[in-house]
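Okay, so subunit A shows up in both of these, paired with subunit B first and subunit C after.
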Partner chain A sequence: MTNSWTDIKNTDLAIVMGGNAAEAHPCGFKWVTEAKAKRGAKLIVVDPRFTRTASVADYYAPIRPGSDIAFLMGVINWCIANGKVQWEYVKNYTNASFLVKEGFGWSDGLFNGYDAEKRVYDTADWDYQLGEDGFALTDPTLSDPRCVWALLKDHVAIYTPDFVENTCGTPKDRFLKICEMIGECAAPDRVMTSMYALGWTQHSKGAQNIRGMAMLQLILGNIGLRGGGVNALRGHSNIQGLTDLGLMSNLIPGYLNIPVDKEVDFETYMSTRGNAPLRPNQTSYWQNYRKFIVSFLKAMWGDAATAENDWAYHYLPKLDVPSYDILRTFEMMAKGEVNLYFCQGFNPLLSFPNRAKLTEALSKLKLLVVMDPLQTETAHFWENHGVFNDVDPAAIQTEVLELPTTCFAEDEGALVNSGRWLQWHWAGATPPGQARRDCWIMANIFLRLRDLYRVEGGKFPDPILNLTWDYADPYEPSPEELAKEMNGRALAPLYDATDPTKLVLDAGKQLKNFSQLKDDGSTMCGCWIFSGCWTEEGNMMARRDNTDPDDTGAYLNWAFAWPLNRRILYNRASADIHGKAWDPTRKLIEWDGAKWAGYDVPDIGVTSKPEDVMPFIMTNEGVGKLFARKGLKDGPFPTHMEPFESPIDNPLNAAIRGNPVARVFPDDLAQMATSAEFPLVGTSYRLTEHFHYWTKHNKVNAALQPEFFVEISEELAAEKGIAKGGQVRIWSKRGQIWAKAVVTKRIKPMICAGKTVHVVGMPIHWGFMGAAQKGFGPNSLTPFVGDANIETPEFKAFLCNIEPVEKGPLA
Partner chain B sequence: MTTRAPEPTTAAANPPVQPMEVNLLPSDVVRASAMPNLPAPDRQLTKVAKLIDVSKCIGCKACQSACIEWNDTQPELGVNVGVYENPHDLTPDMFTLMRFTEYENPQTGDFEWLIRKDGCMHCEDPGCLKACPAPGAIVQYSNGIVDFIHENCIGCGYCVTGCPFDIPRVSKVDHKSYKCTLCSDRVAVGQGPACAKACPTQCISFGPKDEMLAHAEDRIADLKARGYENAGIYDPQGVGGTHVIYVLHHADQPSLYAGLPDDPQISPLVQGWKGPAKTVGLAALGLAAAGAVLHGLLSRPNRVQPEDEMQAQALVNGGAEDRA
Partner chain C sequence: MTIDLSRRSFLKLAGAGVAATSLGAMGFGAAEAAEVAHVRAFKLATMTETRNTCTYCSVACGIILYAKGDLKAGETAELVHVEGDADHPTNRGTLCPKGAAIKDFALSATRAVKPRYRAPGGAAWQDISWDQAFDKIARAIKDDRDANLIETNDQGQVVNRWKTAGFLAASGTTNETAWTTYKVVRSLGMVAFDNQARV
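After this line comes the complex of A and B, so read on.
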């Protein structure tokens, strides 16, 4: 989230699109209720189904799964055409005025430089025109035809209300009403918030969906303001923490990158990470990258990381492919290229696509280790559960070890919520049976491995042997020790940059925050963005002071928010170019003539002059990017793309299937269906009664939503002869499942490209383990393809078919 | 030395953690089934109410979950029958239930998904209590809570007939009647009901009834500003008002919400019976006994007079026809 859960109460208009906040985030959704009740805020829901969120919305519109970009570009087009633009914001705080290279262009659904064979774009021209001084050229009048604003206007011109209606299935009058409601938030004193979740990410163009909303929010001037922003509602209680700590195959904690093969030494690695500002006076905070990575390497390898050995950079693994994401890992597993799979807090057999392929892949492992508080389907993939898991155990040779772990309530530590708050919690119960903390298990494995390396040597034992492991009990590092390590500490006395005689922090002391990090090896820090969470003043995450001066929703003394305890990112943009709040009732920080101050931690140097330094300090430009340059693989602007399995051709170019630069493995491409074979659109989602695949183990939750079902319209039910509560078979090109049918008015057929499109909605919560009735999940049906940029699987739009069955396998 | 718990003022009331004496006493009972002539209570508790703002409800079932957890009931694992209601109806193990109604509003052309938390309304004039022949099986406290005292319940089911909202459910296991207690055990120690505390959108609030009515008026003003002209309070006067009240977007049509009675009344048979029955059916108890009965009210053995049995049976028969 750019903002926080508590800040949502400050909004005038909440748009829930690409998510179902009331259903999947009921506790966070209370802040929407608060905004409605206390501010008279309005709520818009755009969703293929009339959801629980829609049940309390002021306005609802249906949309065909996978057509969000067309809708969002349509809204942008309408806003531009109708003057619903926060002009001062757009001119000063976005790259609207930046001039783009002549080579950049778009036609027939594709940007310039497309290589169909390699499925990549040549992005060389997706950049600014630079002056001789190295800065980007701009035209503040926005009249140059190569300025971003002119290009954007051209780019969105095709997304007319008719195009939207035809592509998204959203009735034109509903679309226009929503445009009008959104357009009101272009006024400096009206603010909209966007709340989205996996309804936007789980597409082959998920990142572009979110880009679309980010651009709209920039145009409306709603980023950085109370009640505004682009707010990702994270799907697990600590998934934000997972991302922050870099639990991705290509990341290091704090959104640093794992090097790739060609980055053979530290200076080569750093050469593309200089982040020189692209405009005069701009912060471009990533210029501090070297401090972050050196301090990280010092945290990892301590004294073994020296200036002479480039801080042990050579200890870091180097990627030979862009990432070993889970799709790639299972692809390799299915090909027999993986021997051992460690599965920690994750149930891929139900949460990744094409279950048949997952079962095949797991069956080829030599060893599967599952660390989980529950008995997961993944750990029991080899067990025959009749039609619910129809495998032959005798034919599966994989050895499976289940290591029972504690669950959150049995453990101490911090969870990072969607609003980037690190909230410390304490154990509320004793772990049952032989359950152990994950840290205990990892530490014990590590220490045994280290002994093996010590005794037997190995190809490259140094990174293992030299790993810092200075915990009081090496067999069980404590949450406190780990948190302090993430915060970082001084390894040598730190002196004031302007006065070298002035001691700032003595060696061994906890850092105040990441502004104290050095690139000379005198600081260590496990995760730079978390720095400030456990200082010499103690555990800032454990703070529980809920005072909130003037009721702004900031709660600065409650827990700790990264970065620097800042609650609203880009909050400098809440004030105009001179540093006065756009809306005095929404003041966050203001320029008092000498410094920035206010209710939140300023997201700008506190003495940075307002006219000189722009708010978006993490970008090289200092401004928000309507044009993303080379940031995304699939284009600097979002362009409409159909899902890989779609009921209609891409209206911009029938030859384009799915996202033209998404990675698809050949076997999976062969399993992609056409609408001639499979006429119905499937989509997946969560229900309030359950949390993923956990709560079906709980008898209360199981009683409240006991059995797998799918939702279809009354029209589709009539067409297929399906009765309410009857059993149905649903199948795709990859598998088949059985479910009870919930026949509802909440799903209506849509008309897209002249065709009637029926949606089959499928909740995700059932499997063959636990207390609920045995059932299935949509992942038995969904295609094995992910987003072009981050490989999140395309769960939200795929093709299937449905038929009633006389006597199905369900209870 | 422990002190009496305070009366709860909000759903999230958190009384001090040290043990306190309960503050809902036998002497706070103002009415008890089949026990006329109770002595006047020596104090009047603040009248409470649970306000359910249907327009804020997202149907998440946190209230159902909290109810199961707090009362430690164990509803059985069911199946899906094509709807979101689970269990499919109120049961002796499920005192509250989200009911979902799909409604095409003919006036606006818009679709609405109306979600209502169903459960005991805690009538000011409780039909269940009036119909109940078992002395002290159903009581009403001066704060308005209507509670079933299971030790005294004989499982006859007359309360079901007496209820204009079809709420109580008789267990086939222990032959006792069950329904929402408005968490009288929590209220007694200064806490609001479990459902209200669990509700993430604060659609359920709890407190003094006059405050709840005032809060409801604010909510209605908001709903009217959003175009719900007929938004209003559901506090039906046919049963003397209730201690569970709703804010409805369509207060002119309560029955839209999964059959919420438009104008609930206690069956005339119950009303008729209670008049003469007061003296006839319950004469055996006598005034003199009232003090002693009250003293042991909450743990009395079951006692039913033959006349009660006969008259109540007539009521059930008649009632059944009345309802058909």
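After this line comes the complex of A and C, so read on.
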């Protein structure tokens, strides 16, 4: 989230698209209710189903799964055509005026430079024209035909209300009404918030869905303001923290990158990470990258990381592909290329696509280690559970270890919520049986392994032997010790940059925040964005002062928010070019002639002059990017793409299937269906009574929603002869499942490209372990392909079929 | 809102206060003290309270755990009740149908409670000690890493990449668990590393 849950009360208009907050985030959603009750805010919901959120919305419109880009570009087109633009914001705080290279272009659904064989774009021309001084050229009048604004206007011109209706199945009058409601928020004193979740990410072009909304919010001037922003609702309790800490194939904590093969030494790695500003006076905060990475390497390997050995740069693995994400890993596993696999609180058998392939892959492992508070389907994948897990144990040679871990009630530490708040919690219960903390388990594995390397030697033992492990009890590092490592500390006395005689921080002391980081090895810090969370003043994450001066929703003394306890990102943009709040009733920070101050921690240097330094300090430009340059693999602007399995051809170019630059493995492509074989659109989602595959272990939730069902329209039920509550078989090109049918008015057929499109809705929560009835899930059917940029699977739009069954396998 | 009055002592005071006030109002006078002495205190007042965060979605509602026994004092603590934390700015004491039933997640009959091992082709679990499990894992990692770590690629570039093992981390755990996990996994050179952020 750019903002926070409590900030949503400040909005004038909430648009929930790509999510279902009332169902999946009920206690956060009540801040929408608060805004409606106290401010007269409105709520718009755009969703394939009339959801629980839609049921309390002021306005609802249906949309075909996987067509969000067309809708969003349609809204931008309408706003531009009707002058619903926050002009001062767009001119000053976005790259609208920047001139783009002549080579950039778009036609027939593709950007310039497409290589169909390699499925990549040549992005060389997706960039600005640079002057001799190295700065980007701009045209503040926005009249140059190569300026971003002119290119954007051209780009979105095809997304007319008719195009939207035809592609998205959204009735034109509903689309136009929503455009008018959104357009009102271009006024400086009207603010919209976007609340989205997996309904936008689980597509082969998920990142572009979100960019579409980010662009719209920039055009409306709604980023950085109270009640505004682009807000990812996020799923698990610490999914934000795990992302921040970079527990992903290609990441280092704090959104740094694992090097690639051709980055043969540290200086080569750094040579593309200078991040010089692209406009005069701009902050371009990533210029500090070297401080972050050196301090991280010092946290990992301490005294073994020196200037002489490139700070132990080669202790890090190098990548030869963009990432070894889960899809790629299971593809390798299915080919017998993976021997050991660890699942720590993760149940991939149910949460990844194409279950048949996952089972085949797990069966080829030598050893599977599962650490979990619950007995998961993944740990039990080799057990026969009849039709619900139809395997032959004798044929599966995988060794499995099931290790019991603690759950929330039995562990201490911090979780990062959607609003980037790091909140500390304490253990209050004894773990059951022999269950132990994950830290104890990881420490025991590590220490045994280190001993083996010490005794036996082995291949490249250096990063293992030298890993910093100076905990009081090496077998059980304490949450306090670990949190302090992430915050970072001085390894040598730190002196003031302007007065070298003035000691700022003595060696061994906790850093105040990341502004004290050095690139010479005199500081260590596990995760730079968390720095400030545990200082010499103590545990900032455990703060519990819930006062909120003037009821802004900031709660600055409650827990700690990264970065620097800032509650609203880009909050400098809440004020105009001179530093005055766009809307005095929404003041966040203002320029008082000498410094920035207000209700939030300024997201700008506190003495940075407002006319000189622009608000988006993390970009090289200093402004928000309507044109993303080379940031995404599938284009500097979002362009409409169909799902890989779609009921209609791409209206821009029938030859394009799915995202033209998404990675898809040959076997999986062969398992993609056409609408001639599978005419129905499947989509998956959550229910308020359940959390993923956890709460089916809870007898209360299992009683509230005991069995798997699918939702279909009355029209489809009539067409197929399916009775309410009747048993149905649903199948795709990858598998088949059985369910009870819920026949509902909440789903209606849509007309797209002249065809009637039916949607089959499938909740995700059932399996063969736990207290609920055994059941199936959509991921036996879903396609094995991910987003082109981040490989999130395309769960939200795929093709299937359905038929009634007289006597199915269900009770 | 920072008054140092724990909910526990507040509950005790409130319980006693209600009894004393109502008895006084009814004019029992001298009987008052005796009555107050045997008015039963709220059951929760005898519990140990712990601040925690709901384990499900990332709204991160504040919750209060009530346990019989004090973990911090070295006692066994049995979870008996969980409620929303009224002081928490986000949820202000409210909980959804998942959070309201969260105690029964911790107490689920299908919690994993002991290390177990399944042999190749086996049809059942066998018990295994933690020590045996750790020895087995460390041995498997050592042997596979020594056999398959790629130190240099075809062009002779240093890559130190281990591709034949993978690790999925849990986004239901704490930052502190995540950091420990990160350190161990990365020090091995493992590249097939992920968490639920990808889903």
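Assorted remarks:
The criterion applied here is as follows: the second predicted complex is superposed on the first by the 811 of 811 C-alpha atoms of A that agree within 3 Å, B and C clash if a C-alpha of one lies under 4 Å from a C-alpha of the other, contacts with A are read in each partner's own complex, and residues count from 1 in each chain.
The working rule: contacts are C-beta pairs under 8 Å (C-beta built on N, C-alpha and C of every residue); 3 or more make two chains touch, one makes a residue touch a chain.
On a predicted model such as this, the values are computed, not experimentally measured, just so you know.
Shared-chain residue A:771: touches subunit B and subunit C both.
Legend: residue contacts after superposition of the two complexes on their common chain; A:700 is shown touching both subunit B and subunit C. Looking at the shared chain after the overlay, A:688 reaches both subunit B and subunit C.
More subunit A residues lie in contact with C than with the other chain of the pair subunit B and subunit C.
When the shared chain is aligned, subunit B comes close enough to touch A:56, but subunit C does not. When the shared chain is aligned, subunit B comes close enough to touch A:810, but subunit C does not. In the superposition on chain A, A:530 makes contact with subunit C only, not with subunit B.
Of the two partner chains, subunit B is the only one touched by A:40; subunit C is not. In the superposition on chain A, contact of A:93 is made with neither subunit B nor subunit C. Looking at the shared chain after the overlay, A:746 reaches subunit B, while subunit C stays out of its contact range.
Put simply, subunit A uses residues 26-27, 30, 688-689, 699-701, 704, 771 to touch subunit B in one complex and subunit C in the other.
On the side of subunit B, the complex with subunit A involves touching residues 55-62, 64-65, 68-69, 74-84, 86-87, 102, 104, 110-115, 200-203, 219, 222, 225-226.
For subunit A in complex with subunit B, the touching residues are 22-23, 26-27, 29-30, 33, 36-37, 40, 50, 52-56, 58, 60, 688-689, 699-709, 723-726, 740-746, 771-773, 810-811.
The touching residues of subunit C, counted against subunit A in their complex, run 1-2, 48-62, 65, 67, 69, 71, 76-79, 82, 87-91, 94-99, 101-102, 104-123, 125, 128, 130, 133-142, 144-146, 148-149, 151, 153, 155, 157-199.
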